[in-house]
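As written, the chains take the letters A, B, C and D, and residue 1 is the first residue of each chain.
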């Protein structure tokens, strides 16, 4: 029953700091369109195709998180995530797309849009140039933002048009991922910066990364609506 | 008198392949506005501020090129470039901005825009995830595109409003940089992929990187015009 | 029945080129001591403890291989490997060590020896500075060398003292890993350098990496015998 | 007159923590042989040849430090260092070697020894997997250790055989480098971990890196004596 837990202390603070950008991201027109079914099918399909490419780079970022881990727990968490992503969720994504009329061949020929590149490359670069904390701080807006959106839409939705999407991210399985990633980050922060991590300049830098990544997520939704 | 030389064989091929995107980039409204002076001062200042942040990440990318070098010549070229960038050109940029009414304090507080992040992080990530060729292929659109634009605008300009900018990039010093970087890439290609490099799948992948990076440069100009 | 297959074309060529170093590695006194049981228990335990630390960095390297992949097949292969390593084999290693009288606490306090660092950091650095090919070329001596040693010792062993070790690496499961990794590298080579990959300078560079890594593996065995 | 300054607060603490390893490194037989002239010329030449390869990777590591910088000051310091290394010191090294009877061709054909690889790859990998602090912590034993050895040998030397080497590292120019790098690290630490950096787990991790790197430097001298 971890699904009702929150996503940890650091996330609560990062989100508060990102404030407006966080609201722009989690209450974007795209999201509201999922909620009330007003999002056009074209937009949704456009998003799905870009999301497939996104998942490839997102998986690569979790692979990098393994290389950047400092404990076996961090390695295990990232390895489990990446295995789930590339050996299961991407296949699921292909199935969903096929059901929606997008063949795998079409998926693979999708031209990656600028906003898509912008977010994934930002995450990967933050990870390569920084350490595990920088990498995970850049991944959090995606992982936990989807969890938060899923939870809210489950309650607030007024249409069943996008219920599959909502079920996926509000479901216990995904919510557990969020709970675990949030906890992993809380522990990782303390294991590196100590209990007084909020007093370190690093914490400010991590807030900046979280904020930048959140802004780039806003762009991702906006791109979806161009489809 | 290297200034009249072209920028090498590989560049000619990459550019031809990028075709439309290359034209969109090198003949962007922003560029045409520099040519005929119709670009608003606000747009130019907006661009200058973003360009300062750009130079930081561009310098980091050249630093990475040192780490990724396979010959002393490659190391020397990148070291010279990065030294020129951080110990001279960035100071020059500050001077130019001050003359245009932007203080250094204002420069440092500039919020990095999404299109700016998109290009620089793409370059750095291509470099980290790939090898020296991937990194330099992603840097080329910026380095050589500016050289090509500078050369053309020197001849075609109908206004002196942006003559300093045009002089910088059409000047012998910058043209020499372009000539040398183009040559370095030609040699680096052959030293890794052989004389038949155009027959390798790697060459296709490098064309894709060059194309993606060119598309992201288009976005950079468009961002400039939003200022 | 893949267990009887060889480990691919590239490996055969790399091994031939590494020649003496390959023999020094695969016919090291440590290996011969596993074969005839003459290796002292102290040496073996010393090796096991170092090998635990080795597995951590080896897993990190496979994590990096995910980030460096250019196809979903490459990502899947690396993700499966890393998941097996950190979620199963490392636990198995702890069990083996406990059976041999080394507690997990002792394992975690092991001071990493220079030869151990030398090999794992070489692999990771080759991967970070180069591309997927460089990384995998540095991993091959370990993955495939153990497979080759296991196969030979299964037939040639004159003692059952180290039969568990020999069974692990001669077993079908591990042999399948070797077969698949060898094939993955063959395909990865062609997908990047083309069918004429042996004509490229990159191929020479990959041979150098394989040779360096093999020499560092020799040092690893020698370290084991110091225990 | 910065030459008489020490190398900063963090270095003093790191050195104290590395204790025995630091003494083994800075008072190694190789070093004592430089002091009293008892080091054989063969050993010295062997060291010089390996040191040339070392400088290549050391320069690459400083290049990476540019990519990993978080301030313009850090970028400038690394860019100046790397420019000095590849555009001046490596040429100087070639001259010294030629004077000692080693041609540049011979230099370039030197086979890199395991202990050499072990240290440089450790540094680079610490940098790639970690952040700027990890990278610089791994570089410090080399940069500052040579400074400390140089200073001591200048006073204690009983032979002029290796006075050129001693002059280089005890000279004001090199001592200034040490002073500046020590200060850069002190500032970099506080800019990331805060004034209470010694209370963070990160500080312990940096001490471990410094210790590991120091141990690998011991191996480098030992290798020198095998020549």
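Throughout what follows, a contact is a pair of C-beta atoms (placed from the backbone, for glycine too) under 8 Å apart; a residue touches a chain by one contact, two chains touch by 3 or more.
A quick note: this is a predicted structure, and the numbers were derived from the prediction, not measured.
Visitor: Farthest chain from chain A, going by mean C-alpha coordinates, please.
Guide: Result for max centroid distance from chain A is chain D.
Visitor: If more than half of the interface residue numbers appear on both sides, call it same; otherwise different. Which is it for chain A and chain B?
Guide: Chain A and chain B contact each other through largely matching residue numbers.
Visitor: Per the definition at the top, count C-beta pairs in contact and tell me whether B-C or B-D has more.
Guide: So, comparing the two chain pairs, more contacts are at B-D.
Visitor: On a C-alpha centroid basis, what's the spacing between chain A and chain B, in Å?
Guide: Chain centroid spacing, chain A to chain B, equals 31 Å.
Visitor: Just give me the whole-number Å value for how far the CA centre of chain B lies from that of chain C.
Guide: Whole-Å distance between the two chain centres: 42.
Visitor: Provide the C-alpha centroid distance between chain B and chain D, rounded to the nearest whole angstrom.
Guide: So the centroids are 34 Å from each other.
Visitor: Touching two or more other chains, which residues of chain D qualify?
Guide: 60, 67-68, 124, 128-129
Visitor: Considering only the defined contacts, which chain C positions touch chain D in the complex?
Guide: 60, 112, 114-115, 117-118, 121-122, 124-125, 128-129, 212, 215-216, 219
Visitor: Would you pull the chain D residues touching chain B in the complex into a rising list?
Guide: 56, 59-69, 72, 75-76, 78-80, 82-83, 85-87, 90, 124
Visitor: Quick one: which bits of chain B touch chain C in the complex? Just the residue numbers, please.
Guide: Residue positions touching the partner: 67-68, 70, 128-131, 134, 190-194, 196, 199-202, 205.
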